[in-house]
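The structures considered in this document are given below.
In what comes next, chain A is part of two complexes: it sits with chain B in the first one and with chain C in the second one.
For the complex of A and B:
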């Protein structure tokens, strides 16, 4: 097994380790370390890192865990992600986590934050409210308070209050992390056959469950290998952007089906939180929290979770597709996901106006049948290759 | 049954409200001719006094949607929205509203509703509100949007920084846009004076709702309750008409209570109160009368409900404060029921079950309303654990008739009432 294959095997295992073994091992090494689980989409992991913590992404149980108790907590018309998360909370998957953060992205995740308060998982459970006002002295002030609450929560657990230097150092590490991830996407834009979308997914998702230092090291190796070495062979595939899967994650079989149907996925929003801030956060300031606030207000990517009047996400999606030289867009949203599904019609109109072909389908994180999706994606690919 | 018998029995307060609404919709239909500007906004966290203080006319898309549901128009509207790409899975209020717009925006009185001059996105307790108005912004291009983001009560308290955040948004985002659209300067004294009326209406509404603590109750706090909250949750809070309506309603309720009479149903007075229930979740609007009938036919009455708190939890003590108008608008928005965290919601329901001497707790879970529905099964377990009363669970939808299965709901409710009956017998024997 060559080095890239070793890394890929490790990342696949880590990405879907629903017991978060590596993260728990890291915590066990020192008494002042804390583990904070956070739900999709974005969370400023830097602040937890600076306070001797590890923020671990809890992206649902996918198709890797049988849901029994979770179904007793959610009606059939609620999306799948929260029932997997509550199942993990009621089982032993999330033992040793000190706290949980529920970013403000929808009503289901919001109400799940209250359910965790009732089940008593962790020492704290925090709904993390993002401002929908993007002026620094209004939304910015509010967001700073939200970040300070997290720091207080962590301090209650381990007594650590990070200083300026620690925060700047953490910001620098996550800047490097995002740069490396973007570099992988850029290389894949030129040479999508060198690393498949599934492999890319594994690499990025693994980074949500290990330290940023370790992840950066793996990413550097991957970049170096795929930048300098040919791997795989170019295929007569179309190039697509997949959008709408930012929270509940599609099963790997779905991503694989799209690829096998003749589509190179040149951009996606699967692991959007890891790529949320566009560009670097200033890591040289006297007020690092303000730097994170400013980055959120001014450098956030587009998402169904963010109020977009004045900067419509449909136009930004079209811009992304053009930047990635995509032939088409696949709208792939989780069933019952109000944010993604309510955005879809207007985003499709923008695609139509821009002359970008598109298709759409819905999934559950534990969808097991991909034949229809593969046929749909295959027909989409063929139609573009033959007639576009 | 004769036609006269089929018609719903109406008290004076009902007639008063009907007249208020007719006048409101007539005014809306003539808004453009009269030079009046129109604001589209939401019920939870509504800023009615502020809107009226600029002489703007509010329109509530949720109310239009539920009215469409009651008038059997929603099925076609939803289908039309689905035809242009809206998923079957999403909020049916949104689809109904968009479908209504696609079909000429004809309001409940059959008259065309005016297009908005301002979209006031009061984003309180429901994430979908934001998506809804993002869609409306595209459908009404060029119409300004004023966003008011209401922080969630994550810790079960309202903090000063949350109030400051909202007041800053009111001062720098909402009020300037209202000034621009109305051409009028903001008048704090006028807003404050309106809030004095708000407080009077709020006091009276709470008295009405709390009358259901009496056994038997003189009101139904859900099926009739949705009418009681109409004026205060929509275009009339802060007006003298609202005070007059609530005074009249309170007088009627007092008379009923003094006479030992039960609630008024569409088929007359409820003769025997057999079951007292607390209800969580909005009602189904497409089959509202049928739904209600299942209850009153069985002698079941709702003594407290959470839905009647979506536009304000006045019964836990909140009142608008004329001495601090903007701060109190901020606190009002944060105090609406769906902006409470899950433990707060459970505490509130537990208190209702105990204070209103309920025999049971029932959830009407709405298929397309995540704000209410996500977490309801945990609420149900907690209430059962804390109070010991039997809990029931039925499912329907707001305005999509495809998700109202009469036979299914009736079967479930009959089984539930049988369970309550058995429990009463057992408790009486102990």
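For the complex of A and C:
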């Protein structure tokens, strides 16, 4: 097994370890370490890192956990992610976590934060709201307060209040993390056969469950290998951007099916939180929290969870597709995902106006049958290759 | 004389793998070679690789001499190839290659039957296919023939000798198999059982053609397209319903998917290389 294969095997195992073994091992090594679980999409992990903590992405139980108790907490017409997460909370998967953060995405996740309080998971359970007003003195001030509440929560657990230097250092590490992830996407844009979309997914998702230092080191190795070495052979595939899967994650079989059907996924929003801030956050400032606030207000990517009156997400999606030289766009949203499904028609309208072909389908994180999706993606690929 | 351009098509089905080599040395593409192999209980990717290696050896060529090797069907099992085309796209192309002017292609495979309406340039316009149940499939015919002690090659001829066919369930393979067991115990002759199954499948195909609003001529492709009993049953069923369709088949009908893949591969090769206008046939 060569080094890249070793890294890929480790990342696959870590990405889908629903017991978060590595993160718990990390916490056990020192008494003042804090584990904070957060749900999709974005969370400023830097602040937890600076306070001797590890923010761990809880992306759902996927197709790896049977849901029994979770179904009793949610009605049938909502998505699958909260059922899996509550099941994990009721079982022993999330033991040793000190707290949980529920970023504002939709009502289901907001309700989940309340349920975690009722079930008594962790020492704190925080609904983390985001400003939908992007003026610094309104949305900015509000967001600053939200971040400070998290710092207070962590301090209640371990007594650590990070200073300016610690915060700047953490911001620098996550800047490096985002740069490396972006570099992988850039290399894949030119040579998508060198690292499959599934492998990329594993690498990025693993980073949500290990320290940023370790992840950066793995990413550096991956970048160096795929940048300098040929791997696989180019195929006559179309290039697509997959969008709509920013919260509940698609099963790996779905990503694989799209690739097998003749599509190179050159960009996606699977692990959107890890790529949320576009460019670096200032890590040389006297007020690092303000730097994070400014980055959120001015450098956020587009998402169905964010109000976008000044910069419509449909236009930004089209811009992304053009930047990635994509032949088409696949709208792939979780069933009952209101944010993604409500945005879809507007975004499709923009694609039509820009002449970018698109298809759409829905999934559950535990979908097991991909024949129809493969057929859709296959005929989409054929129609572009043969008739466009 | 310029070197010929070769393209390959490999169709990985549920039961058989079909492989064709197409040459573009003449004005029109020619099928240079073809091969078929039953998968049995082997790893399809290994079977496919062995077939490709045998083909390369026979023609003294290598993978690099094939301008475009295209897969179809479960072709993602093929490790090394240039591209992949969806099964309906390739059957439409292959069907029209074998029967120029065909407006409807009926792909009768191991697991399902698909009726595909195609444009003059082999573009899929609409399709209908049988549902999940295997009672309308080649695999079902194979299972029953094995149960009755017949080889697949015999099934068609035996069906033609039927004088009083006994029709089985056309909805569910499990029910149909139970029907067959009952027929055997009731002393129904083998030809009449087989013909009854052919009629049952044919009636499902007629329903597909009706809901598709299929147009004539119709080209049958896939593993069942050479089954004489099946073709006769389709023709009889059409006659009963008063529909006037021209039904065609071809000795290479089982290769339609692989042929289509090789031809679309050629289309892509010429288009991408810009050597000449992409050929439609």
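Definition applied: the second predicted complex is superposed on the first by the 388 of 388 C-alpha atoms of A that agree within 3 Å, B and C clash if a C-alpha of one lies under 4 Å from a C-alpha of the other, contacts with A are read in each partner's own complex, and residues count from 1 in each chain.
As a convention for this text, a contact is a pair of C-beta atoms (placed from the backbone, for glycine too) under 8 Å apart; a residue touches a chain by one contact, two chains touch by 3 or more.
From a predicted model like this one, the values you see are computed outputs, not experimental measurements.
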Is this a clash or a fit when chain B and chain C both end up on chain A?
fit
Have a look at where A:378 lands relative to chain B and chain C in the superposition and call it first, second, both or neither.
second
Between chain B and chain C, whom does A:307 touch in the aligned arrangement: first, second, both, or neither?
first
Measure off the angle at the C-alpha centre of chain A toward the C-alpha centres of chain B and chain C in the combined model, and quote it in steps of 10°.
100
Chain B versus chain C as contact partner of A:386, first or second or both or neither:
second
Of chain B and chain C, which one touches more of chain A's residues?
B
Regarding the shared-chain residue A:236, is it in contact with chain B (first), chain C (second), both, or neither?
second
Is A:262 in contact with chain B, with chain C, with both, or with neither (first, second, both, neither)?
second
Which partner chains sit in contact with A:225 here, chain B, chain C, both or neither? Use first/second/both/neither.
neither
After superposing the two complexes on chain A, what is the shortest C-alpha distance between chain B and chain C, in Å?
20
Which chain A residues contact chain B in one complex and chain C in the other?
none
For a test of understanding, state which residues of chain A touch chain B in their complex under the given definition.
72-75, 77-78, 82, 104-108, 110-115, 117-118, 126-127, 129, 131-133, 135, 137-139, 141-142, 145, 304, 307-309, 312, 333, 335-339, 341-346, 348-349, 362
Report the residues of chain B in contact with chain A in the complex, numbered from low to high.
84-87, 89-91, 94, 121, 123, 126-128, 130-135, 137-138, 145, 147, 149, 151-152, 154, 159, 161-162, 164-165, 168-169, 172-173, 341-343, 345-346, 365, 367-368, 370-371, 373-378, 382, 395
Any idea which chain A residues touch chain C in the complex?
233, 235-237, 260-262, 375, 378-379, 381-382, 385-387
Chain A partner contacts - residues on chain C that touch it in the complex
68, 76, 80-89, 123-124, 264, 267-268, 272
